[in-house]
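Naming follows writing order (A, B, C and D), and every chain is counted from residue 1.
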Amino acid sequence: MPSLLFYLFALITLGFGLMVVLARNPVTSALSLAMSFVGLAALFISLDAFFIGTIQILVYAGAVMVLFLFIIMLLDIKAESDRKTNVAAIVGAIVLGSVLAVQIATVSAVHHQSDLTLNEAALNLVAAGNQMAATDKDLPTISKDLKAGILPDTKLMGLALFKQYGFHLQVMGLLLMVGTVGVVVLSKRDKEVAQ
Amino acid sequence: MITLSHYLIVSGILFALGLAGVVARRNIIIIYMCLEMMLSAANLTLVAFSRFHVLAGLPDYSAQALVFFTITVAAAEVAVGLAIIVALYRSKQSVEVESVTKLQG
Amino acid sequence: MTPPAQDTTASLPTLLLMLPFLTALTILLGHKLLKGASVVLSIASAAICFVISLMLLDARDSAPMLLPFIEIGKFRIGLDAMIDQQSRGMMFIVTSIGLLVHLFSLGYMKEDEGKVRFFGSLSLFMFSMTGIVLAGNLFMMFIFWELVGLSSYLLIGHWFEKPSAAEACKKAFLTNRIGDFGFMIGILMLFMANHGDVSFSGLKGGFAEGPLHEMTQTHTLFMTLAALGIFMGAVGKSAQFPLHVWLPDAMEGPTPVSALIHAATMVAAGVFMLVRCSFVIEASPDAATIIAWIGGLTALMAALMATQQNDIKRVLAYSTLSQLGYMVMAVGLLAIQVSVNHHEAGPGHPAMFHLYTHAFFKAMLFLGSGAIIYACHHEQDIWKMGGLMKHMPVTFVTFAIGTASLMGVPFITSGFWSKESILGVGFEACRPLFWIGVATAMLTAFYMTRMFVITFLGKPRTESAHHAIEAPIIMVLPLVVLAALTVLSTFESFNRLLAAMIPNHAEDHPTVMIASIAALIIGSSVGFLLYRGKNSDPLNIKLFANKFYFDEIYAVIVKVLQDQLAWIVNGLERMFVDGIVARLPAFIAMRIGSAARILTGGHLQAYTFLLGAGVLMVIYLVVFVLPQLGH
Amino acid sequence: MGHLLANIDLTFLIASVVKIVFLTFLVILPMVAYSVYAERRFSAVIQDRVGPNRTGIPLTLFGFKKDIQILGIGGLTQPMADGIKFLLKEDFTPKSVNAFYYWLAPCLTMVPALMTCVVLPFGSELRLSDLNGLLSWVYGVIGMADLPVFSSVPVPSVIADLSVGPLYTFAIASLGVYGIVIAGWASNSKYPFLGGVRASAQMISYELSLGLSIIPVLMVFGELNLTKMSIYQDANGWLLLPLWGEGLSLARWVLWIPMGLSFCIFVVAMFAETNRLPFDMAECETELVAGYHTEYSSMKFALFFLGEYAAMIIGSGLAVTLFLGGWSIPFGPLIGLGYSAGDTPLWLGLLHIGVFLGKIVFFILFFILIRWTLPRFRFDQLMKLGWMVMFELALFNVVLTAFLMWLVPLK
């Protein structure tokens, strides 16, 4: 059963991913990508990464792809016509893509932990909770959750982000701000040109 | 049972699809989407490694923090990239890569 | 001779040097704020400098360090003063005349718009001149040498709205640059020869027994060239032939400036420097001969030119040139005498003596001419004056004293004695130059009489001359003081103060005295007879009036030379710069570029494909190939 | 879900399916239908009209004298009549539309709206073992005494008890915008298109304030689990009504200010997210005919409507859960109606569900009241409000809360 769910979501992810590449209509591509991201988010959740999975949907499917769709509609981009098909590019893409896929598959196969299953790599929440209760006394809610056998994913994520990667987080904030300013500058029409 | 390599292979195929899309498609917006796909494929690898690398009974959250950062960067990148595409469209009335060959030697 | 009374520390010379500088700086930065106060400031600083130089007259010989300047490893340049008889005396002349010129300017420049700027420049000039006089080494002297060039540029070009003034200051500056260039080469040659020590004491020691002493024996030509290089500086600054062209044009500046620059200080700097470096010249007789002849030539030529000038200031300017020639000739002659006849040089120097007497009466003459020009509503042509004796009695008297002194009226004027000492040296060292000197003296008497007669005697020729009245007291006072100094300087008791200036000359040969007195009588009587009651010039010698066509000749030389040089340089540039440096690499780059442009089709997808293929390659190598190779 | 995938068990699955069916088809959809009716009646009251008051069971069709009006109130069957009407109307598809996306759009509106409800705790818990006595009596009656009875473990009244509750809601709700955008685009007509573009811009803009506004709340709770939030509020007073338990502490009263602010921002943003007046730029009749659903008719049009109301209900549910104690009864612990884990009688569990639904109804009435009271914004004003006021206010609120929590720490 669980395997079935994995294959289902993998199929959704890859199938809609293929649609992105193949679809002539950009809107189809964008929606397919959104669906692909939803499948990917499910895969994330199957890996106990609830927060990342939710963020994947919230940011990618909910905001980024809407932006794409927005731009596609605003610029009124039509589907590509057959006449312009570039055979060389398509052949190159197929060759490159398949070789890369095969290569990655081979590399994954030689990874020393490639046969590890989820059961073998089981989480030991209670032990982790006990340890955390002993070491970090100021984080009672996390250790309580862990001892109860629940994975407080978001809290642990927050702990990692703010405790270990606080500086990086601020750099990200700066980056976002720079991005915002950049977008505003880029999309501002030059008044003289507009006239 | 599902092993680590299952996830890695899914991620690899998704990445290859993205790369193929970037090479094959002419529409810059779709190229952009394929780039996002490649980024997400990398994210999947990271999350998989995070889960399979059990650290004191918990997943390795450093990898997930990295994913978080990737998503943030991707969001910023998309915003700026789309603004550039809009600017490009304004000047060229097209989003096909063939119309942007100014760098041609 | 009074024994040196008090010890000198570095503080007095430092104050002397820095006060005008700070004044100039303050005026420059705060002229908007200070306005009229900056004039007072400038005059006050000049007065304080004068007092300090008076105090220094009693000081002991010393070489205090004023400011460290550059220190790079062993190489160090400092601003160190050299206080000896020569610099003390020169300092007195510079500051006293400087102060008087400041006072005179107060009246003369009263209504000038750029008054504040003028006084700022004056302070800067005082600073530079003080630096030259105090300088204890050639580097410091060179720095202030250049500063003098700058401040004279500013002062001559004070009325820069006038095209002729702008041209004149440019000409003065550029001509000085030529001389300075030679001076710098000379300094560097000495620097090399004396192993990096260019302080005067160090050089003197070097000549006595040291590296320079050997050099004079082995490399005579080198030392001659070095001496001539040093002399080049003096040629520029003291306006000797062939760089004399700037001095007459520099009369475009305000008259007080002419008095300051062309009588007492700037042009004297050249002579002062030559006397300072006299040991260099003495070491090479060839250079001494050349210097003496150039001096004599300048003296004669300038005197000839002066006879045909109508501008009152130009007459004085050429007379200055002529007298400077005298001084330079004296330097050269004394050097010949020392080196050829092994005659030991005394503490005093005839050139310095003449410089000192000349400074006073020439400054007085210039200021007097300034007063005349001021009275005649800025009229400078002597033919438009006349009969000023009645209108300007004080000026007349002082001018008469100055003229007499310049002509060398025997026994009662200082000019006579200083000229005598030079002619005396000439008589002993080189006869032809002695006769040139006598001829120059005669011409001097002639043109001075001419000018005096035309200006003061007879009847007024124009309205402005008719209505001329005596200048205000602030302008007359300096005249009177200078006249007093001129007269006083003949007296032994006064001279004690300036002991350094007075040459300890031997008994003069009677021929010298007879010849000079005869020259005076002939020259002045011819002039008096020729010009009395005339309304226009009876003589008309174009060659003299046009200054031997020097300016025109220079123009032609520069033009021809420049064109030829430019043609050659152009050819070289086309061959090397354009061809080998620019065209060849450009051609190579272009070929490579067109070979590589196939790779850059501008197609995003092609780039991506190459990128992807590269990534594949790298993965393949890292994962599959390298482990097999044992990495 | 890693565990869930591995240790999936049938009881859990069946319970989930039962809960999904219960919540979706027996609670939300009828509520949606009756919200429309309520809207009509409410607006009629405001405008001094009567509103739909005649529909009843149409016995006159069968020759009876009079139609039966349910509960004696005219019009309570109006939603059913509307539903039948929508189903029976001609489903007209304009020729120039992009057929696939034209069909897809209404589904994309409806599905996310319904999907969000899975994390909402609609009640405390149901101790079904209370029914065992009744059950065994029934078994005895039918003579099959050895049939299974309910286990003593109570069933939580929430479909999926996720640790990322509000985030999940926002994530799924943010997918709702696709329906509108696609509808506008696929119609291939300018008014729907403008409506779609407006809707997407507006929803993305207000999502920011919406997300930021609940951060102070999460900070106070220190939790992202909606069930735990409800339990906490039941014991210690609602966020906006801290009158019992720990709620009487100074810290909670100080925090009341930012919580109130959060609530206001949340509600305003919720209006914008659901395209309700005064923010219904996507469908404002005076400018865009009917906005993104101009070209739609019949059941597809109805789905847009249902989606909008469903989003409204879910939004209300979230607001209630976060700020107004969820299923908790005011002063519950004081009057013996509080929740105690594993020890809540069945009747109290049912009462909690009722209270939750009652609060939602109250909220929906509030939505309707606002709609018929306030005039519509202009689009630029709307965006300006979103970016220049709400966003900054929400950010400021986060800082304020952090400051206050630092000043007066919670226990």
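Throughout what follows, a contact is a pair of C-beta atoms (placed from the backbone, for glycine too) under 8 Å apart; a residue touches a chain by one contact, two chains touch by 3 or more.
All figures in this text were calculated on a predicted structure; none of them were measured in a lab.
Participant: Where the contacts of subunit B and subunit C overlap, which chains show up?
Facilitator: Chains touching both subunit B and subunit C: A.
Participant: Using CA atom means as chain centres, which chain is nearest the centre of all the protein shown?
Facilitator: B
Participant: How many angstrom lie between the centres of subunit B and subunit D, each centre taken as the mean Cα position?
Facilitator: That gives a centre separation of 34 Å.
Participant: Provide the C-alpha centroid distance between subunit A and subunit D, rounded to the nearest whole angstrom.
Facilitator: Spacing between the chain centres: roughly 28 Å.
Participant: Using mean C-alpha positions as chain centres, tell me how far subunit A is from subunit B in Å, no decimals.
Facilitator: 8
Participant: For subunit C and subunit D, let me know how many angstrom lie between their CA-based centres, rounded off.
Facilitator: Roughly 99 Å, centre to centre.
Participant: Could you tell me which residues belong to subunit D and also touch two or more other chains?
Facilitator: 2
Participant: Mark out which residues of subunit A touch at least two other chains, giving numbers and ranges.
Facilitator: As it turns out, subunit A has residues touching two or more other chains at 2, 6, 47-48, 51, 55, 63, 67, 74, 86, 89, 92-93, 96, 100, 103, 118-119, 123, 151.
Participant: By residue number and range, which residues of subunit B touch two or more other chains?
Facilitator: As it turns out, subunit B has residues touching two or more other chains at 19, 22-26, 51.
Participant: Select the category (line, ring, star, complete, other) that matches the graph of chains linked by touching.
Facilitator: other
Participant: Considering only the defined contacts, which subunit A positions touch subunit D in the complex?
Facilitator: For subunit A paired with subunit D, touching residues are 1-2, 5-6, 27, 31, 34, 38, 45-48, 50-51, 54-55, 57-58, 61-63, 66-67, 69-70, 73-74, 118-119, 123, 141, 145, 150-155.
Participant: Inside the complex, what are the residues of subunit D that reach subunit A?
Facilitator: 1-2, 5-6, 8, 101, 162-164, 167-168, 170-172, 174-175, 177-178, 181-182, 184-185, 193, 196-197, 200-201, 203-204, 207, 222-224
Participant: Considering the complex alone, what residue numbers of subunit B touch subunit C?
Facilitator: The contact residues of subunit B facing subunit C are 19, 22-26, 28, 31, 97-98, 100-105.
Participant: What does subunit A use to touch subunit B in their complex?
Facilitator: Answer in residue numbers: 2-3, 6, 10, 13-14, 17-18, 20-21, 26, 29-30, 33, 36-37, 40, 43-44, 47-49, 51-52, 55-56, 59-60, 63-64, 67-68, 71-72, 74-75, 77, 80, 84, 86, 89-90, 92-94, 96-98, 100-101, 103-105, 108-109, 111, 113-119, 121-128, 131, 151, 156-157, 159-161, 164-165, 168, 172, 175-176, 178-180, 182-183, 186-187, 189.
Participant: Tell me, which parts of subunit C touch subunit B in their complex?
Facilitator: Residues of subunit C touching subunit B: 593, 596-605, 608-609, 612.
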